[in-house]
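Two complexes follow with chain A in common, the first pairing it with chain B and the second with chain C.
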Partner chain A sequence: MDLSFILFFFVKGLEISSPIAFAALGAVFSERSGVVNIALEGIMIVTTFTIVWAAIALHSIWLGVLFAIVAGSLVALIHAVVSVTFRVDQIVSGVAINIFAVGLSRFLSQKVFGQETQTPTNAYLFPQFLGINSMAFLLIPIALIGWFVLYRTVFGLRLRTVGENPEAADTLGLNVYGLRYAGVIISGALCGLSAATLFPSQWISGMTAGRGYIALAAMIFGRWDPVGAVLASLLFGYADTFRIMFETKIPIPGQFVQMFPYVLAVVVLAGMVGKARAPAADGKPYEKGED
Partner chain B sequence: MPGIKLRFDRYKLLEIFAPVAGFLASIVVLLIIVIVVGESPGEALVAIYKFSLSSSAKVATILSVSIPLFFAGIAVAFAFQSGVFNIGAEGQYYFGGLIGAMAGIYLHLPAFIHIPVVILFSMAGGALWALIPAILKVTKNVHEVITTIMFNSIALALVNYLVNGPLSGLGQGKSLEPQTAKIQSTALFGKLNGFFRMLGWNVPDYVYLDYSLIVAVITGFIVWFVLFRMRHGFEIRAIGISLDVSRYSGMKVKQLQLSAFVISGALSGLIGLQEIFAIRGYYTYGIASGLGFDGIAIALIGKNSPLGVVFASLLFAFLKQAGYGLQFYTSVPNSVIYVITGLMILFIVVINEIVAAYIRTLRKKEAV
Partner chain C sequence: MSETLLEMRKITKRFPGVLANDRISFDLLRGEVHALVGENGAGKTTLMKILYGLYSPDSGSISIKGGKLSIKNPKEAINSGIGMVHQHFMLIPPFTVLENIIIGEETQKFGILNEEKPAEKIRGLMEKNGLIVDINTKVEDIPVGIQQRVEILKILYRGAEILVFDEPTAVLTPQEAEELFKTFRQLTAQGKGIIFISHKLDEVLEIADRITVIRKGQVVKTLDGNEASKSLIAELMVGKPVLLEVKRPDVSPGRVILEVRNLDLKDYRKIAVLNDVSFTVHSGEVYGIAGVEGNGQTELISVIAEAAPIEHGDILLDGESVVNWDVRKRRDAGISHIPEDRHKYGLLLPFTLAENLTLGMHHKKPFVNSFQIINRKKIQEHARRVISIFDIRTPSELTPALALSGGNQQKVIVARELSAEPKLLLAAQPTRGVDIGATEFIHNQLMEAKKEGRAILLVSADLDEVMSLSDRIGVMYKGKIIKEFTREETTKEEIGFYMMGEKEHARN
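And then the complex of A and B:
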């Protein structure tokens, strides 16, 4: 095993981790504001379709990612309207959006490309850097910016306050609903970057393969912290990279190797007894006091 | 207590309002999509009618399609009643169905015992697959939504391995689809079509109204009885309404959650009965997927009550047939039904909240 191979493994792992990591980072913003976002999976389904569609239609992957970010934000907006404004159970809303997203992407694929389960290949790709999709390197600055915004800006402080104690935040004059909308929409926008790093060369139905849910597991393992969530995503991503690169060399059936990331997620969550604490108002709809 | 019940009854009408209004709103969206795609809404409605209600055979098909959907709905609803979100019905019926099929292939029993045995094995398999997420929830507080989703993926991979490997029965058949050996005839579900024809309902032979329909009716009744006529069911519903109040009143909250979760898994095990024991006669990785997720929608639309789930699963079966009708007669793809389903859930829960707020203000006025 030579040095270039090790370097490639290191870089490839970053690429494979990125879709999960961007979504996990988004999940941090949503949940720190008090909204559980299980719709991440559905949002990723929509953004992965949108980026390919827009790139093919507009002959530019940069416009593709822009549209993916907008599409992700719009789907997230539905989640915010339903679960923040109408105070519907956040998991119910997320599940409904995931069902909706599967139908929408297949419907559009059929109507636009004449094939329900996959699009044609998209030739407009991001430049490569060190042999991988260069967008993956964006993860590092975005994670640091995420950390900075959450812990070093007024907006971040307010967002966290709303997730911990919305009553107090409301009393202080903070716009609880507005901040929660912001948290949820940021998570949708970041799923646009997930799409940019998850094989933007073609959309195939089912290609997200539960990465939205794994991202939630990574966020919990990362203790609702931007850097923690990204590091946890790297754990999943590198485990998956190891699987992909060594699958043929491991003497166990392929199906067991495929299970590995999911088993890892369960084991990791099970091993976290008492070590993590969700934001106090996470998952709880807030009703503005009547005056 | 009786006084409270009377007060609730006054608002019953408003409570039914949300599902009905949500359904109608989503049909409106469907028609808008039809227009956007460039088809005529009238033709779309005719297409839906032709494929769903135009003959007794079509109606029988809806009933047939609704059977696995009913099991999926009642399984998810049972867990919901206790506040547990079982998104794992998918993995539970894949695994439960395999265990049931094993009992059908490898046990040698007379039919009147073999059929109940495969049903119980299917339930046991489903329960087993729910057990680890259930234990993790009650002992380590790991959220069931994530673990059950992970267990869905694990079940699919495991079943794929078993059917392709140790349990493969491809030597017997000619099909290339990986599958188990044939289930013995003593464990196969017969059809009730003849019985229905005797009653004057002309159900053609190609429609599967089989023993799983009887299982569904019995299951529905038992679940209703357990939830609404037994102490255990009362406690399960109580923890679903308020964990804290239940705990303070001395209920064993964790045991109740565990049992509701595992029973939900057992009910999920029944989802595959019709396809495995009536239609195919063997188990395969290719059994219909996605029913566990349909179950979530059905439970939500049926408001987690057994009767509500009956209506919701019939509605869902109707929608599925409607989707095929649209695809067959118009250029609207079948997948539009999932768009509509997702929206219908959102409409229903949002209208629910609005109605609930309206009822609260009504009550306040009454109190004054």
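And then the complex of A and C:
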């Protein structure tokens, strides 16, 4: 095993981790505001389609990612309207969006490209760096910015307050609904970056393959913390990279090797029992004023 | 004549089916403590929520320092100089003290938090008011009494002049309550006005300059602190004379029902929470445990009632060791338990009264048949009977427990535990946060149980309650019963002395 192979393993791992990590980072913002965002999977389906569609249509991957961020935010907005304003159970809203996203992406693909399950190849790609999609290198700075925003800014303090005790936030004159909308929309926007790092050269129905859910697991393993969530995503991402690169080289049946990342996820989460503490008001709709 | 800080005139607020506030007028002067008393549901909380902008009144007006205004939300209330310490603290446990104080009033530059300047301001406030807290600790790591200081600092930080305290002493020990009153005096000396909502009439009499009594949404009377007496206030609150002294039946104690022998228990830090505790409770006797909260009372109850494991010692019920029995076996053998936290351990809030009143007996006939299938009719019959005996105010036995007032919820628990006809009743804080009428009722029920020959172990943070109900009193300090008295041979002052851990030879 030479040095360049090891280097490649490390950068490839970063690339494979990125879609999960950006979504996990988004989940942190949503959940710290008190909204469980299981819709991440659906939002990723929409953003992965949008980035390819916009890049092909507008001949620019940069416009593609911009549109993906906007599309992610809009789908998240639906989740916010349904679960924050109308106080529908957040899981139900999220599942509905996930189902809706599958249909919507296929419908649009059929309308725009004449084929339901995949788009043509997109030739407008991000520049490569060290042999991988350069967008993946944004992950570390964005994680640090996320940490800074959450713990060192007024917005972050208020967002966390709303996730812990919306009633207290209300009595302090904070805008509970506004802050929760912000948290959810940030999570949608970050799913735009997930799309940028997943596979922007072509959209295929089902390509997200549950990464939105893995991102939620990573966020829990990362204890609802931006840096923790990204580190957990890296663990899952590198486990997957290991599988991809060594599957054919070890004398264990492939099926077992493929199970590795998922078994790891289960073991890791089981080990977390009693240690992780969700924001106190996470998942609970809040009704303002006169009750 | 001091300046009028606040004037609420003819405030009316109607909820579907209830007139919560009926032309209530209330004012607050600079430098005074104005107590607002009334039974649960009398309309105190509604009035304060209107003041704080959480409700809007149907009619009436509010003026602050002579200027009329309408308060539409808490932000406007804060800006008008109103601060509220809520009964359930509005703190974020995992945040630091500093963060809790500044939320919503942050010092910032380009949205980035500055913690230096607020810290300085908070230190100033702490010194001025004698409210010392480590501002970098997390709130979850500090005791309740100190958490309350954080709440007070929070409203002072916002420059409040009208301070509302909603039952602030409900969660405090007598000593902490004294500290709080010291703070009250310091604040009023600075020209602030305090609205003090409380059930505890002794405290109201001690601290209030004026006392406004409300009942069923109306002001009954505003009294001068000097001209008021406990029985007068109680009568105005309830609408009829109230017996503040409990009538104790003359029962001579029978055989030993509960015997606790040399109990030892350590907590996870290996600190002794129960230390060689031994005592007995006889049938027809009330044994009261006095002590500042957190000296092992909770643990003592939990090893007897909840089968929490012990390290050493023995617990005998009617001569038989129960240490290795699970909770059901203990209950079936005749141990009943009124838990100190009624919401957490006493009730299933969304369940109906019928279900709540059967809990713990639900597996026995006649509530189930031989195949353990629940007989709803029997459960409801039982509930209706108990509801009428214990005078539980509820629309029906199918009402969920959460719809009842605190006093009635507590009556549900007392009713359930006594209807099991126990040999031993463990009563932990049986009247905490319960209004006068329900307290009187619960006390009478406990005396009734004593008359029937049941053994009662009473734990209460309210020393008056321990003194008035108990035949014998054990004072608990640092996990040990350091002194035992019969009721006749001691005084409140003497017990208070032992509660602070003083040794006998230190007295003179």
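Just so it is clear, the second predicted complex is superposed on the first by the 290 of 291 C-alpha atoms of A that agree within 3 Å, B and C clash if a C-alpha of one lies under 4 Å from a C-alpha of the other, contacts with A are read in each partner's own complex, and residues count from 1 in each chain.
What we mean here is this: contacts are C-beta pairs under 8 Å (C-beta built on N, C-alpha and C of every residue); 3 or more make two chains touch, one makes a residue touch a chain.
All values derive from a computational prediction rather than experimental measurement.
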Could you say whether A:I91 touches chain B, chain C, both of them, or neither, answering first, second, both or neither?
first
Applying the document's definition of touch, where does A:S134 land relative to chain B and chain C: first, second, both, or neither?
neither
Contacts of A:Y213 with chain B and chain C, given as first, second, both or neither:
first
First, second, both or neither for A:A168, with chain B first and chain C second:
second
Check whether A:I99 is in contact with chain B, with chain C, with both or with neither, and answer first, second, both or neither.
first
More residues of chain A are touched by which partner: chain B or chain C?
B
So in the superposed three-chain picture, is A:Q118 touching just chain B, just chain C, both, or none of them (first/second/both/neither)?
neither
Once the structures are superposed on A, label A:M259 by its partner contacts, choosing first (chain B), second (chain C), both or neither.
first
Which residues of chain A touch chain C in the complex?
152-155, 157-158, 160-161, 164-165, 167-174, 277, 280, 289-290
Taking the touch rule as given, give the residues of chain A at its contact with chain B in the complex, in rising order.
38, 78, 82, 86-89, 91-93, 95-104, 106-107, 110-111, 116, 209-210, 213, 216-217, 220, 253, 255-256, 258-259, 262-263, 265-266, 269-270, 272-273
Chain B residues touching chain A - in the complex, by the definition given at the top
37, 85, 87, 132, 136, 140-143, 145-147, 149-151, 153-154, 157-158, 160-161, 164-165, 293, 296-297, 300, 333, 335-343, 345-346, 349-350, 352-354
Given the complex with chain A, which residues does chain C contribute to the contact?
52, 54-55, 73-75, 78, 84, 86, 90-95, 99, 102-106, 108, 111-113
